[in-house]
Amino acid sequence: MKVRARYLFLMALVILGLGLSALAFAQDPTGAETLEANPQAPVDYVWVMICGFLVMFMQPGFAMVETGFCRAKNATNLMAKNLLDFVIGSLGFFIIGYSIMKGADKFGLFGTGPLFLLGGQYDVGKYLDFFWQLVFCATAATIVSGAVAERLKFSAYLIYSTCLSLFIYPIYGHWVWGGGWLSQLPFGMGHLDFAGSGVVHTIGGMVGLAGAIVLGPRFGKFAKDGKPKAIPGHSMTLAALGAFILWFGWFGFNPGSTFNAHHLRISVIAVNTNLAAAAGALMALITVFLKTKKWDVGMALNGVLAGLVAITAPCAWVEAWAAVVIGLVAGLVVVLGVYGLERLGIDDPVGAVSVHGFNGIWGLISVGLFADGTYGNYAITEPFARGLFYGGGAGQLIAQLIGAATAAIWAFVMGYIMFKIMDSIFGIRVSPEEELKGLDILEHGTPAYPNFYTINS
Amino acid sequence: MKVRARYLFLMALVILGLGLSALAFAQDPTGAETLEANPQAPVDYVWVMICGFLVMFMQPGFAMVETGFCRAKNATNLMAKNLLDFVIGSLGFFIIGYSIMKGADKFGLFGTGPLFLLGGQYDVGKYLDFFWQLVFCATAATIVSGAVAERLKFSAYLIYSTCLSLFIYPIYGHWVWGGGWLSQLPFGMGHLDFAGSGVVHTIGGMVGLAGAIVLGPRFGKFAKDGKPKAIPGHSMTLAALGAFILWFGWFGFNPGSTFNAHHLRISVIAVNTNLAAAAGALMALITVFLKTKKWDVGMALNGVLAGLVAITAPCAWVEAWAAVVIGLVAGLVVVLGVYGLERLGIDDPVGAVSVHGFNGIWGLISVGLFADGTYGNYAITEPFARGLFYGGGAGQLIAQLIGAATAAIWAFVMGYIMFKIMDSIFGIRVSPEEELKGLDILEHGTPAYPNFYTINS
Amino acid sequence: MKVRARYLFLMALVILGLGLSALAFAQDPTGAETLEANPQAPVDYVWVMICGFLVMFMQPGFAMVETGFCRAKNATNLMAKNLLDFVIGSLGFFIIGYSIMKGADKFGLFGTGPLFLLGGQYDVGKYLDFFWQLVFCATAATIVSGAVAERLKFSAYLIYSTCLSLFIYPIYGHWVWGGGWLSQLPFGMGHLDFAGSGVVHTIGGMVGLAGAIVLGPRFGKFAKDGKPKAIPGHSMTLAALGAFILWFGWFGFNPGSTFNAHHLRISVIAVNTNLAAAAGALMALITVFLKTKKWDVGMALNGVLAGLVAITAPCAWVEAWAAVVIGLVAGLVVVLGVYGLERLGIDDPVGAVSVHGFNGIWGLISVGLFADGTYGNYAITEPFARGLFYGGGAGQLIAQLIGAATAAIWAFVMGYIMFKIMDSIFGIRVSPEEELKGLDILEHGTPAYPNFYTINS
């Protein structure tokens, strides 16, 4: 009996190995074979593609939020940065990033494989996965531009985007989604991050924090006694438009992360995403109102984003009431984060660190608390993830804490080193004159609004 | 025979009853059972979810149209209102609204059931339906902000949003879509409202009319002799952007209302939606041009929306030429409505009452005229709806008139009572100083455009 | 044997003929029969419809790009033009355009059939095709408004839109996509244009070139010595928003053109679309930087669009690295085009001719070079298209060159005649006073931004 079991086990391994290499070397550029093997594939492809389009559409969402929260004199520069991080992300991820993230695992640390989409693998499934991973990578890249806004040189931003798309993001992404060590942690089901509270948002937010620290605050942000001064953004309508676009795009980001339309669970994910966003906005609005007696729209918009970031990791594993709680906490976290960073003398013009960095961490932790045992590891079959409040013990929570700490440290340290090296070589901050005049004219030759009389605040 | 028929009838009732309770208590949080029972479900889920995302995206559409048509000094306030009605709608509909709308019918008047998504029913199908109903409810809520713009207190708006999401909308929605009395009218096929010309738009528009009347006109809207004065909005580009976004989102609103991708009729619905919008715009543009010799873009944009609102009820039951006619009439209705309300001394800053209220009524009526006997009650099998012009007699038309009158009266009366009560308790209108200065600074502490020199018109 | 083969061939023709007429007269308004005949149809309908919605959403993309690149004093006018071309396109294509494009072929030159959607054919499949063709036609129409911006009379624009939607576009469209002579060229697989680099973009761009030439340059565009002067647009944020929206919408435009979700090739198309856009932006940015030492955001945005236009024809037939090359060349073409036209004294305010006209041609040609033999004529089965670089010989390239030349000549000549006739009858250019004051007030009665102090540049 024992011999036979061992034999069967070996057979299974061989079959699995053959299957995996078959997959790895699948080359079906027409899609005909894939369709024959799985006649139900079209609805999955449609789902993933359209959700991927929505994720791509988050790019103008970020662009509008960031420019709306910043001054008119830097609007062209912010458009340039938000455009170019997507451009560089697309090309860089194609050249090497994708191989590092999803190539054959080495030591649990990174993926390996030939460049250019894993050696130009010409396969409909491979292209689908590449497209999906690409728009996620570009989202992480674009988060940083908010934190370093209004003072980072454009050339430094180009280099930063390249580093993030080629190395910082894909390596951490490999740890969680590429079969790396975090996914194999011996606690709970390993570290879980459904749609990227950690992979995308904590990474983006913490690199942003590093950038904001290396750069130092903008002129006029802090009085001589260190008291922070509000620098209002130039367009509340564009900021609101951007937040709505992000909310919309997030319905691709989270539900689409099933990567499978046959998980009808997508409806639960969408509802959770929406409720957390609403709860985050309400909590942020009320918290600031209690303090200032003003209905602060900017903070409410950041509350929306905070709720969205936080629910991104747990959205597939929790039920609706938990999504509301997660969102409410997120609304609080973003307000405390914004005030806290200001007190520390750190200038994050749009609140990106609090929204993405801190709430990414909170989102990761919340999986370990609220996962309710109804969804697995991107699977609708057992085993299911279960957190502390649903009798799952502390295992999952431990895995989440390890992953969250890893994300925060990895991103902050790598970001800090990167910005410091650049700064020591060529200086990453624009000259004081340029900062006062705005980056638009000197860097780009064009003010954003030449037909309007603007106030240079 | 008679005995047997009665026996069969009773059996059918029992089976139906069991089926319904099975449905009511379905608890399939993973979605695995639902998928097994209906392997074709994924494409329906994908269709409904993505259309629901598009409906959600109508929120920034409304926000941009309304702010574009209003003055810069109230732009932050309009962003706040458009954000918060969605936030409150999401949470309020989760807490109780959904139960009232879709819970077990009581007397044909309202639904009942436990709070919090019907007692936290944890089921992929239930979440899907909740998501869909939620984004529709939030659309109704956001319509009102246009009619009461530039003078309603923010706190009053928060209370109004709560009332609408919790009671006014779900109760009328129950009458039409929740199995209530309007759906059971003994005329035609009962009152029919495919995607909500009445449920969403007449309700929103008529509550808005009540608000505009209780509030009274803005300062400067009418000269001492009662002659209306145009108060131009602050951004035609944002208004146009908003109208385009709404047009786009409406392709989720109307075709998605099949709630089923297996109704290939969705193509007919999309074509009708598009043609009515185009016809509405053209008619509104030409009508105003004949009067003023100016190509009035604002009115053309409202013509688009008028056509969209009108086609919302009939879109599934009519053919393309009828959609064009319905749109042309809608374009006329909106122009006459806007001028008519002005003549009555009622100030609706963005034309929301004419666009949504009046054209919602026209849309409901048009079903009774143009329904052509090719689509049923959300079914592609007989019986099919048939209106007056297609030999269906007056039955359907009567059902439509009853429903339209009910929607208009219910919404106006409930809205009037609500705003009057609030007004008598704490006064819903901002102070004259605040109105002149704009609501942004006093209510929210932030002007929308601090980097621009603005004209306080 | 020979007799039998001939017999079989005749039988096949008869069956095919019957099948085609059955298709032509299919009248399935409920969609029930279509669903029974093809139970897999829903996912195709969902795919095509949602992609069609995305294509429609390109309308505000164009509107924002064009208005952002033009001056504030003409912003209302540009909104009007971008709205009305879609309105007129929708109605005109419904009345006659669709019959000309997709009706029964006559001499390979045009389609024939009754008006109003081929005689009001009431069929879910026909409506689906009509919707798809309609949004493409409207895209071609809206391209022109950029090239003739800031000086063309609104009435002339209405007439132009009608001509293009009714004749110029549908006739050329018939040649390529309606079974006309270009699709039957005896080279390669006949002229191939997957999603319309030629049909949509070259046609739009070249009509625009004709319009720009007939109109002449704007006041102040060229100094007395002929040296061009930059006339900066009024909102870089709106221009960037528009470009992002177009990028997003293009994911409907290209992948949706399979008209079939069972072509899993859609993933390859999406990746190619994205990479070409990114490459175009990077190349345009760098090219201008090398010349001016400024990071020119406007040119980078046009580089995005250039890459998208160029990849539109080849996207289904090439692999990722080729898409990058096609995009890089496109980025160069747009920069050279913009500078070249200026040198020729032609004023194209937003670069529409270079983006759409020239890169449309480049896109068509690229099919003949890079088609790699993995996709057929909207089919995943042989025969597959193969270009020069993949051992396909010069056949396909010749077919592409013929088609490209035809598109350019047809559009330019027809556009030139149309604008010249209009000009000789009533003058298509606004008066000098109106041009200086801006078109908004005199044509539309409303400035776009009445609450802002604007600079009349």
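In order of appearance the chains are A, B and C, and numbering begins at 1 in each one.
Everything that follows uses one rule, which is that a contact is a pair of C-beta atoms (placed from the backbone, for glycine too) under 8 Å apart; a residue touches a chain by one contact, two chains touch by 3 or more.
Note that the structure is predicted; figures quoted are calculated from it, not measured.
Put simply, chain B has to spin 120° for its C-alpha atoms to lie on chain C, with the angle rounded to a multiple of 5. Although chain A and chain C carry the same sequence, what matters here is overlap: shared residue numbers make up under half of all numbers found at their interface. Once the centre of each chain is set as its mean CA position, chain A and chain C turn out to be 34 Å apart.
In chain B, the positions touching at least two other chains are 43, 46, 50, 235, 449, 452-453. Across the interface of their complex, chain A is touched by residues 40, 43-44, 46-47, 50, 54, 71-73, 232-237, 239-241, 243-245, 247-248, 251-252, 255, 261-268, 270-271, 274-275, 277-279, 281-282, 285, 292, 294-298, 300-301, 304, 319-321, 324, 372, 374-375, 380-381, 384, 449, 452-457 of chain C.
Every residue of chain B that touches chain A in the complex is listed here, in rising order: 29-32, 34-35, 39, 41-43, 45-46, 49-50, 52-53, 56-57, 59-60, 63-64, 67, 75-76, 79-80, 82-84, 86-88, 90-91, 94, 116-117, 120, 122, 124-125, 127-128, 130-131, 134, 154, 235, 238, 440, 443-453.
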